[in-house]
Each structure stands twice: as C-alpha cells, then as structure tokens.
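So that we are looking at the same thing, I have put the structure below in structure tokens.
We just call them A, B, C and D in the order they show up, numbering each chain from 1.
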Amino acid sequence: MNPNILFDEYSTVRSRTLDLINPLGEADCCVQSLPESSPVKWHLGHVSWFFEAFILQHYEQTFKPFQPEFLTMFSSYNADNVPHPDPKRGLFTRPSLKATRDYGQNIDERMNSLSKKVAEDNIFEMITMLGIQHELQHQELMLADLKHLLSQNPMNPAYQPKTGPHAVPYVMPAPLTWHHYEAGIVEIGYAGEGFSYDNESPRHKQYLYPYQLASRLVTNGEYMRFIEEGGYDNPCHWFSEGWEWIKSNNCRHPLYWRHEGGEWKEFTLQGLVPLDFNLPALHMSFYEASAFAQWSDARLPTEAEWEYAASQQSFEGYLEDNNYFHPRHAITGEPGKIIQLYDHAWEWTQSSYSPYPGYNPKKPNRHMPKSDIWDIAVGEYNSESMVNQYVLRGGACITPRKRIRPSMRNFFPAKTRWQYSGIRLARNEACVD
Amino acid sequence: MNPNILFDEYSTVRSRTLDLINPLGEADCCVQSLPESSPVKWHLGHVSWFFEAFILQHYEQTFKPFQPEFLTMFSSYNADNVPHPDPKRGLFTRPSLKATRDYGQNIDERMNSLSKKVAEDNIFEMITMLGIQHELQHQELMLADLKHLLSQNPMNPAYQPKTGPHAVPYVMPAPLTWHHYEAGIVEIGYAGEGFSYDNESPRHKQYLYPYQLASRLVTNGEYMRFIEEGGYDNPCHWFSEGWEWIKSNNCRHPLYWRHEGGEWKEFTLQGLVPLDFNLPALHMSFYEASAFAQWSDARLPTEAEWEYAASQQSFEGYLEDNNYFHPRHAITGEPGKIIQLYDHAWEWTQSSYSPYPGYNPKKPNRHMPKSDIWDIAVGEYNSESMVNQYVLRGGACITPRKRIRPSMRNFFPAKTRWQYSGIRLARNEACVD
Amino acid sequence: MNPNILFDEYSTVRSRTLDLINPLGEADCCVQSLPESSPVKWHLGHVSWFFEAFILQHYEQTFKPFQPEFLTMFSSYNADNVPHPDPKRGLFTRPSLKATRDYGQNIDERMNSLSKKVAEDNIFEMITMLGIQHELQHQELMLADLKHLLSQNPMNPAYQPKTGPHAVPYVMPAPLTWHHYEAGIVEIGYAGEGFSYDNESPRHKQYLYPYQLASRLVTNGEYMRFIEEGGYDNPCHWFSEGWEWIKSNNCRHPLYWRHEGGEWKEFTLQGLVPLDFNLPALHMSFYEASAFAQWSDARLPTEAEWEYAASQQSFEGYLEDNNYFHPRHAITGEPGKIIQLYDHAWEWTQSSYSPYPGYNPKKPNRHMPKSDIWDIAVGEYNSESMVNQYVLRGGACITPRKRIRPSMRNFFPAKTRWQYSGIRLARNEACVD
Amino acid sequence: MNPNILFDEYSTVRSRTLDLINPLGEADCCVQSLPESSPVKWHLGHVSWFFEAFILQHYEQTFKPFQPEFLTMFSSYNADNVPHPDPKRGLFTRPSLKATRDYGQNIDERMNSLSKKVAEDNIFEMITMLGIQHELQHQELMLADLKHLLSQNPMNPAYQPKTGPHAVPYVMPAPLTWHHYEAGIVEIGYAGEGFSYDNESPRHKQYLYPYQLASRLVTNGEYMRFIEEGGYDNPCHWFSEGWEWIKSNNCRHPLYWRHEGGEWKEFTLQGLVPLDFNLPALHMSFYEASAFAQWSDARLPTEAEWEYAASQQSFEGYLEDNNYFHPRHAITGEPGKIIQLYDHAWEWTQSSYSPYPGYNPKKPNRHMPKSDIWDIAVGEYNSESMVNQYVLRGGACITPRKRIRPSMRNFFPAKTRWQYSGIRLARNEACVD
C-alpha cells in the first residue's frame, strides 16, 4: 500500500480517537475503576506508544523517545513483564491529558514524516496496519471502560446526550425464529486480502453437525423472565464455577441493571434510562449467557457454527458508523437472515479461545533483537491469552466498523461483564419440536 | 446384567477401596490439605453415600438413612448447593474411621440384599455401574489427595515401602521419536457397549490435519533442561495467566521436586526419593505443560488427536493392575507404537473441557422428583464442570485399570498440580525437519 | 524448691493433660479448625517440647533429641521464625497420637531422672515452673480449640456427657448491683513469692478515679436484650472497626449461639444445649463486649480497676477444680463482694496489652547462646505480643485453678471469639443516678 | 466569639485550603492511591460538606442542599454507615474540580450570610470552630495523601519546587542527649480555654515513674544503621505482628526511601531528592518505630510522659507557618529543652488510643434528632476509633500551626506509613549508664 494512503487511514482513526475523548474532563480520563480496565488517558497514550515502540524506534534514523518514561508507562507490559492490564495505571495523574495529547501529536508528525520517507516496506505497512487496528480496538475498550467508571458515580453522569435511541418509542422485537444449517465440512478462518489478526488463521476445515441459530439476540425482556423464574436461585442452570461466582459476587441481574423505586433502569453511556425490554440484553458474563441458554433448553453456538452462518450473509449493511453507543431497535430482519450480527452485542460462543490447527504461535521475547519486531508487535494478539478465555463473535454498538468481519475472534474470561456482550442461542437439529 | 454379578463387581471394588486405606492411621484419613482435595475418610463415606442416596433411597421399600447427617456430610454438594469440594470436609473428626467403615459395611449389606430382590432393572444397573466407576475414580483421587497431605509433613512419611521401582537401576529412556497421523475425518467418542460417562458421547466426526505425537512422555531429565535454561524466568514461553500464576505462587519447579543439599529429590508415596531423571515428569499444571511444549517448539495434542492415535493401538497390555503408585521405567516400546499411554501420567491436551456435538446436558435439579435419579446421579459428570477446565487423556500409575479406555475424558483446572499429570508433545506435520 | 517436689508438680499437671485428652479420638486430636488455634495433639507435643528444648537440651550431659523433627514441628516458632500459631499444624497426621504420647512419656522419664541429679538450681527451677504454667495454659487452650473444632461438625458431638450443670433447674441470677471504689493511688502487679509471668511485673503505682464495678457478669438474657433492641444493626454502639468486622463476618449473635426451630441453643463441650439465659454470656469479642457496654451506658473496666477490686477480695473459694467446662449458676454473692471473678469467663478490660512502667522486655534471639535460655523461654510471654491485643482478667470455667490470681494478664486480639471471654461492666462514679 | 470574627477565621483557613490545591491538576485532585487515603477533591468537598451538613442544614431557615448527592458523596460515612475512608472515593470523576470549588464558594457565601444573622449561639460557634479545625486536619491529610499518590508515578513529580531546604548544605544534627523527668503525679489533658477535641478531656491525674526523653528525633542516618545492622532481618526486635507484617509486605526500609544506582534517595513533595542523613526519619509505622526503639535499648514514650515533658516548654516558637512541607535542619536546641516537638514528625507513643478517665463517649446515632448535632458532629473524633490505634503526639512539617498544642492526640493504626510519623526515644531512669 502507498505509505501516504496508509497515513491517511492512520489520521482518520486517530482523529476518531480524539473525538471520542472530547466530551470528557481530565479526571474522567485519568481514573481506573476495575483492575482489568484502563483509564481513557492511558488508552490515548498507549495507542501512540504502539507506533513509537514498534515503528519509530526501529525506523527513525536517530530515534529519541518523546519522554523516556512513556515507553514503560504506556506499555501494556508492566515492570515484571506481566502482560496484563495493570491496576495501577489509574494512578498516573501525570502526564496531564494535554501532555498526553501532545505526545500523540508528536507521534503523528513523526509517523507522517516517516511515511514520506519509507518506500514500500512490507513490515512497515503490516505493523502500521496492526497499529491502526490496535487503536480501533482501544477505541472500543475506552468506551466500555468509561461506561464502568461513570456507572460508579451516584450522579449517574452521561457521556452522550439522552437523545437519539431513547427518544424512539419502544417497539416489540421480531419474534425469534430458528435458522437451519446443514451438516458437513466447512471452512473457517480469514480468507481475504485485507487485515486480519493472526489468530484468525490459518483458514481450516471443520466438520459441523446440523444446527440452528436464533434469528436475533436475546432481549432484556426475555432475560427478565429468566430472572423472574428464579434463574439466579437455581444452581441447575449454572456451571458450578458460575454458581459460586454469582453467589460470592452477589449477582442478581446484569451488571448495569438497577431496580429503583419499583422500576427497572439501566445505566448507559446516556446516563440512567428506563430498561427497554425490547433491546438486546447486554453486559452478560459467559456464566450468565450459558445459564440462560440452558434454562432456555438451548445452548451457545460454537465459533465455527457462528462463523459459518455469518459468512453466508453479506455484512455490508453493518458498515455504516454508529453515533450512539447504545443498541437501537432492529425490528425486522430480511427473511432467511439472522440479524443483529455486528451492531448490538458481541456474542458469546461456547468455544474456548485456542489456536486454530496449524497456527504457529509467536514467542514475543521482550528481549529479542529488534529485527523481530513483527513477532513482538503481534505478540499481544496471539497465544499468550489462549487459556481460560472464551470467544465472542460479531461486534457491538460501540465497535468501530473497520473492526468487524465474520472471522474476527474477540475473547474474554468467563466472568467478564463490563464488555458489550450478549446472547445468541443455538440448538441441535434434533431439538426441533 | 445379572444383579449378583453386578454385586460381585461392587464388592471387588469396595474391597480394593478398603485395602487402599489399610496402611493409614485415623488422622491420615481425616485431614484435608487443599481446598480442592478431600480427606480419605470423606472419600470412604462418599462412595457409600452414592449408593445410599441414589439407589437405596429410591429402591428400598422402607428407607431409613444409616445416620441422617451422613446424607449431607458425605454429599458432594454443600449446604448452599455449591457442588465443589468443600474446604471444611477436613473438620469432620466424627464419625470416626471405624464408624465410617461401619457405614460402608451397612451399605454393602443393604446393596447385597437389594441385589437379590431387584429383577433386571436398567436404571438400577446403570446407577450401580456408575457408582462403581465413581468409586474407582475416588480411589484415584484418594491417592493423589493423600500424597499431597503426606508431602506437607517434615518427616516425609511414606504410604508404601521404599522397595520396588526404586530398587531397579536407572536406565535411559527410549529416545523420543515422532509418530505420524494422516489428515481426514475421524470419529471420536465412546463406541462400545460397556460403561462410559455421558461426556464421552455422542461418538462424532472431527476433521484432523496431519499431526505427529511423541512416542513417550516428557522425562524429568528433559523437564530439568527447561528449568536450567531459564524456563521459569522467561515470560515468552508462558500464557500470561500462567506467568502471573507461577510468579504469585513462587513456582520454580514441579510440585513435589525438592532441592536439598545440592541434590534433587522427589516426594512420592514411597516417601522422599532421589529424583529419577528417566521417569516421566509428574504433577504438571496445564500452564507448565504448555510452557514446556512451547519451549520445545512443539505443542500439546488436542483430545481428538490423542484419542484417534490411542484408538489405533490395543490397550490390553495396560490392563494389569499396579502395585506401586509411582511410574516405572518403560524402556522400549513396540516399533510403530507410542508408549506410556495409560500407566504413568494423565496427559494434558490443549482442549478445554466442553460438550461434544449433540451432547445433551443433564440439569440435575437437587429438588427434582425422585423419578429422575439417573439425571441426578450422573449430574456430577456432565455440563456443570464445562468451563475453565482442560482435558487430560490416558491414565496414571495410580489409575484403577477399569477406568482406562481411549475415550475417557479427565479434566482439571489449568493450575492443577496435585494430580498425576504429565506431558506428551504433539506437533504439526509442517514442523518436521 | 526441692527438685523432687517440683517433679511431683510436673507429674500432676502432666497427668491432667492426659486426662483431658482421654475422651478424644485420634482424628479429634489432629485437626485444626482455625488459623489461630492448634490441634490437641500439637498442644500435647508442644508441652513436652518445652521441656526438651529449654531444659533437657541444656541440662542433659549427652542430649539426643527424641526425634529431631519434633524440635521444629512442636515449636511455637515456624521455619521463618514467625512466632504465631501456624495454620499448617493441623496437617501433621504423623506422629500419631500414640507416638506423641510416647514422646511425652520419654520426656517425663528424662525430667524425672534429671530432677534426681540436679541440685537446687535456680534457673532449672524457674524454667520448670514456667513449663508447668505453660502446660496449664495449653490445657485451657486445648479445650477452647477443641470446642471450636467440634462446633464445626453437623452432628454436634459432645466432649463431656450432658449431665451436671444442665440438669440443675434454671434460677434467676442475683440482680446486678454496683460496687464502689475510691479514688487514689493504688498498686498493681504481682506482689507475692510464687510464680508469675514477667508481664505482671514490676508492681507499680497507678492513680485511679472513683469507679464502680458490676457485681456479676453480663448474662445471656441481658445480652439477648441487646440483640433484640437492634444492637447488631446500630453502628452508634460500635467501634468503627468493630462495625466493619461484624458486617463483613456476618455476625448477628455470639459465636456459639444458634437459632434453630424457633429456639435459641448454644454449642458447648456437652454438645448442643438450650441457651440458658441466666448464665454469663461467653465467647464475646472485644468489639461485642465494648458495644454491649456502650449500649448499657457503661464501659469496660481498665485492668488497674479490675485488679485493684479483685485484690480486695480473697480468692480462696475459687481454687477448687472444675469438673464441667461450662459455667455453673452462681446465684448469690456475699454482701460487699463481686462474684464470678475466676470461674466463668475471662473478662475483657479496656486496656490494651502493654508493658508496665519499668518493664524490661526480653529480646529472645532464637540464635542467642544457650546460656540465655531463660530469656528465650520466657520470650513467648513478653513484649512480642504487646501490640493490638487487649487484656482480659480473671479466669474461665476451663481455666486450671493454678493459673488464677488477681495479677494475671491474659490477652487476645479484639476480634477473638473462640476464647471463653465475657463482660463485666464498669462505670464512672459520676454516672450514678 | 463574635460571629464575624469567627467567619474571618473560617475564611482564612478556607483560603489556605485553596492555596494548597493551586499547584495541582484536575487529575491529581481526583485519584486515590490507598484504601485509607482520600483524593484531594474529596477533601475539598468534604470540608464544605461539614458546614453544610452540621450547620447550614440546621440553621438555615429554608435549607436546600447545593446538590443532593453531595450530602452522601462528600460524607465521611458511606451508604452502609461504615465510617471509614471509602476506597471508592477516587472513582468520583464528577463533580469536576471546578464544580467542587463552586460548591465551596456557595457554602462560604451561605456561612457568611448566616454569620451575620446568628446572634451569639454557643452551639453554632462550637461547631464552626470544630469545622475549622476539621478543615485544618484535612489540609494535613491532603498533603500526606497527595504525597503517596505522586510517589506512585515513575516520573516522580514534584508538588513544590526543589528549592528551599534542599539548597541548604547538610549539617550534622545536635548529638542526642537525654532529658530527665521526675516521678510523681502529673496532670495531662487540655487545660486552656481555646479549642480542643473532646478526646483531650477531661484533664486528669497520672502517676509517672522517673523517665528520660531524647532531646531530638531519630535521624535518617541513625535509622540507616538499624537497617545496616540487620534490623529488618532479626525478629527479636519486632512485635510478632510487626514481623509478620514487614515480611508479608516485603518492607526493607521506610516507605519513601529508594535505593537507585547505588545511592539512597527519598521521595518528597519536592520530588525525588538525595536522602539527607541528618534529617529526622519520616513515615515510620508503629512497628518500625517500636523495633528501632528496642534495637536501641530504649522504648517509645507513653503519651502522658510526652505531654508532661512538652507542657514544661513553651511552644510559641513553633507557631510560625511552614512554607516547605519537608523537615528542615534543627541544629541546636536551647539547653535544657527537647527540640523538634511540633515541626518535623508526629511522634509515635506506646499508648494505644483509649478514653481518658471520666471521658463520656458520644453515641453519634446517624438517625438521631437534629437537636443533637453537636454529638453527631463531634462523633468523628471520639470513641468510635478507640481500638487498635496508637497515639502520636506533637506535629509534623505539614501540620497547620493552629493544630498544635501539647494535649493534641493524633492516632493511627500500627501499620500506618504514609503519615508524617517519626521516632522520639524514651527510656527508664534505671537505664542510665
């Protein structure tokens, strides 16, 4: 790709990052409300750090870090090389938000100037593309992390004005129907020529038994019935680990639901709003999604089942960008199609996150020679997370459109609730009445 | 099956349970050394409880519990219905070991008398068979739990005399070779007519890519090289979660290895013995097994790869019982065969424990009508554990021979170390030099 | 003192230790139910260890440990020299109870033979006396620890037969009256010539303001009123730390009270018995004792107030030994005397455990020369515990009579509930209506 | 007092509060770095809340809260009435710093206008005075909390410029001498007519034995010798609880000391500076202070010993305000005087925080009638903290001068390190060589 075109793409994404931060104050950007989330400001510094650490450091003739401490403060690896979100990121009150923006601007300029110098260089292009996708991913994380932070405030502050979706009168969702898929060998994994993460490869065969997928996601109303019928009180629906977890965390309903003054409400990026029973249920843990499925005499799909079904449908219609980060009604679907694939909630699958057959894991040794930067850069996305996480497919209302494709594998631990995760049911063919 | 023949089988297994306990004192049988392990005495009461709760309670005309409290004390479900091993089991100093044996004897007699009355009754037979297998499983757990308990004692007490395997002079293991398996659709899952757990069904197709399996397990000597080359100090071999885990638990070597006076020793059921570098490495967590595999430029097999390979070989030779609960040398294997499949260590696979296609999970509602006892009884072995656990295949030196078969799925959480777990390497065909 | 007379005293105490263990099984003696308690068998080994480590090791001409490991297994100091009860003591299933008794018998014989050889030796006598008192203290701890262990068993096993106190019909306690004490300088601390711990010295002056003490302990009935009037729901009675503690530990009543089938019961060493509202309330934490006192418009006494009052009365009447380890009714007191000083419950004072003026703390360096054994031996009883503990005075129904005296300072952390601790109220003179 | 004069004092203090915040950014003010500390913005809101909740709410004719949520968000009691600092205070990114200042300004105006209306009203004056002292206390806490927060930042940000004390060349401290005090009955507790907390009353008699106090505080250099001689490796100097604490928290030196590149440095409000061996050692836990004292063959003073000695000296010289919040050299003291009493570090005493004889604890029931506001307001300063805390006397370099007086009782739990706490040694007369 022409480096200038690449830089245009870089700029577009960066500009959206800055737009997302715009409505926020300095404090909103600094604080961390969960050990596994990060402050907005850290996300902002981190997306620049990616380009400084993996590109500028290797391509600039006389590299000088913008600020030496930033190379560790904004790294995703802490001092002990533990590559997990660090609960102490929220303690970095300096650099200020402005100084962090300045850092970003400096990186932008250097990336711009480098783009003009670098001839077509495959590694440069690959890592820049990866950095752009990395930034898109962090745009999404930023919103999920921010939502959790704001939800901790008794004043229920809104990130977005309470207009838009909530102004629309509530409409009943399309009745749930089941779509049938035949048995046979299918191929899954990324097939195209654009960007994909290495965990989407290699494309490979899987044998599928006949199965059915629900035409749409589970709604708040449907989930409420599960609650009302004692779903959180009956261990027989739950994995034992899930049962222990909901009991010791005193969970009685989805993360952002609140029962106040006899009414159900939901905390959203537009603040506290009445719970809309017709919208897809959000912020499910894998435990809750699985328990709901079992209570429904159904199950979660495997990722192969999901990808095969999704790849039968065009996803063009999903590519226009969102303005409101809360699901909108999707009343009808085209006949023969399943809806809400990429625009409401990431959909839990029953598949644990593991390597595809033939996948060759990188070993991103932090001390390896600079020549191996691609392995280092991509390290974050591969095998080191492939234990005790479950795959989610599709995309959510906060997911940047450039991140969605049928083969995309999102993954989180089973207890995760602060992500935009929902439920699409599957069942075996034999279950059909 | 004829109920008398069934009762004979019951008696044979029960008698082995009592033999296993014989060398132990009352205190050895009462204490619990891990939240996830159980005291020997609890195992003893629990295997009788199974028959009382799932058979006698439903088949005896005038059922009267031997001791009402035993129905909860020896249940695998605690008062809050949390179906996990209860760290408080070790506090039950009463009933005494003798009273617990008396309980068993009473159950034996009632099972015997019931066997004589029950005509051929499919459910009766199925649950009795399940109870027998359940007892075999607990025989194995008892030994693993006991080993951990004894290992906590500064006097390094031995369960078995230090004769047998350790008297044999050390011999170099057969050099590791790689066995090749072709691509294609294979079938896995239980196929015969004997007993199997419901998680081994349904038998189903899977597409396999060409792969290779190591001819034997990883030895202590090979694992030692991993340690000496800094395996526990280099995050690039580890899942991030595994790295955090070994760091926060200060792990530097396998669970029962000890470095004392310049020498490596290993705690075994025969007490503390010199570490034998030629024996298979035991008591690996999934984290350690995976890290070793990555360091070796290999990987763990999937459970389908393992089962397919195992089912190509007869396992008749594995069916004679063990007298010593510590691996013995297996110097050579027959040409074209992989060895040590069922007699040294359970082998970690990279497959998370999840339902086979078409598997229909039971919902063992503890409050369901008595007519559903089969669902209740089998509940312990099905879907409620199908999250965050990894499958192990094969069998260990402590595994009763009636428990082994190619389709058997053992499973434990990734951090598990006190089980007899080892490493068989796999690799992709492409890796061949 | 004549060494033979000393050994007689040793034997008498040792013999009571063995009597106390008599009704127990091997498992009862091995298990530990609290991190801060110890198994009975450990107590048994530990009291012998004291004599082996502090006397035999220094006085025997050719000292050879009975079993080398016992010198660390039965020490009160763990490997890292952390001098707190070790939660792992309960894992020592070996030595067996019998082997531990054999250890004791061996020590008895060596002490006997040593007694015959040692001429009058002041240090020998002091340490032997200390060892005897140490054993008396452990007799008491054994019973408190055992009670907690048995309370964890759903079968509510009894240590003693349910005869004795509980057969006596319930009688109303004497009405609580207040005894008045004048202001002035008083002296507290041990004054006599018998044994005392070094924390009871030096005897010293304190200035006391006029105060009043309750004639008897708070009863279960009185404590029940506190509960019924919302004592556990109103933070204004509690230290903030205590309030947090009862909330996070879900405390709603004293440790061994149980509300079953509409009735209040109490777990005792005689098993589960109906709660006797006339008996002194037992097993109070300092938090609960203080909250009750504040709710009563009273306070806890200081240790100086308690000791001064106690030293005005003879305690001869308290010296006959107990047969039942549960409080008995004490219906009337002599006029002008306060009752229940040493025979029902240790009484919390508001005094934190700290050194008396002029107290010279030992520094028991574990590596110091053997010549300093007195400092080492006594180390356990002095300054190393003088932080975050509160003093209790008097004695309980399980306290050996040779342990009681007005100057005795017992001490435990504020959250302690498994000790036999109760409440005697005090108030300022000005409070009198 | 004339309400206008009172309001002048209010304004002066408020103005200092705002000055202290001036150098800080919005994020610096929002983040909380310890469960037991609070964000600067919370302190700012809280000091206004005090006046709104305890004065305006009761004195304004038509009270309307500035913002209803602030009455709980800025309260020191959380929703469950647990009166401890809440680790979630740092999650309140709204109100913004500006909005919190606006809140303060609104309260200022209402206090001003109320001052003009209220005739001399004893309760109004007492609570206003209390609110002013409360604000002074929070000024001090703000600086200690802020220091901890900034210390977590790898860039070592400075709150104050690195001029002032550090520019002065280092000078040896005056040699430590011992000041002698006679035995006898003394009186301690507040005696004057100005403001004091109720825990300083009633003034009362205590009997003191002859004792000695060190002429000055322990220096960094002296504390370094303790470290170099293995102070942190030898349990014999420590309370057992302290030993466990330093081991499990991996403490090897005072909180803000750092060993970097072979040099000792100290993090201060002026950033990272070379450790000055002549300055008083700061940020000691009670455990460390006690261990140092025992190692020195000395002890900590009791609070009565400290107060009696301090009250023998004028403290006029200490009343000029500090400009730099780091200790300055105090080279010489007047002959016969002990120095550094109020201007370097709060001095740990061996006295646990407990009520003076005759002290009548308030019971600040949060639901009590408004007429009892004094009890409510003062509740924070009395009995509810009187467990497991130790008294510190004097004052630190960050202590506002209006807070110092000989009878002032500061108190913190034994493990506290982030406060400005130091060591003054005491010893018994008999120790004199």
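Methods note: a contact is a pair of C-beta atoms (placed from the backbone, for glycine too) under 8 Å apart; a residue touches a chain by one contact, two chains touch by 3 or more.
Chain identities (UniProt): A, B, C, D = Ergothioneine biosynthesis protein EgtB.
Owing to the predicted nature of the structure, the values given are computational and were not obtained by experimental measurement.
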| item | value |
| --- | --- |
| Fewest hops from chain A to chain C - one hop per pair of touching chains | 2 |
| Option reproducing the contacts of C-D, where over half of them reappear, out of A-D, A-B or B-C | A-B |
| Whole-Å gap separating chain B and chain C, where each centre is the average of the chain's CA atoms | 46 |
| Rounded Å distance between chain A and chain B, as computed from the means of their C-alpha atoms | 37 |
| Interchain centroid distance [CA atoms averaged], chain B/chain D, Å | 58 |
| Multi-chain contact residues (two or more partners), chain C | none |
| In the complex with chain C, residue positions of chain D that touch it | 80-84, 185, 204-209, 234-244, 247, 286-287, 290, 294, 299, 350-352, 354-355, 357-358, 360-361, 363-366, 368, 383-388, 414, 428, 430 |
| Complex contacts: residues of chain B adjacent to chain C | 25-31, 33, 41, 67, 69, 72-73, 88, 90-97, 149-150, 152-155, 157 |
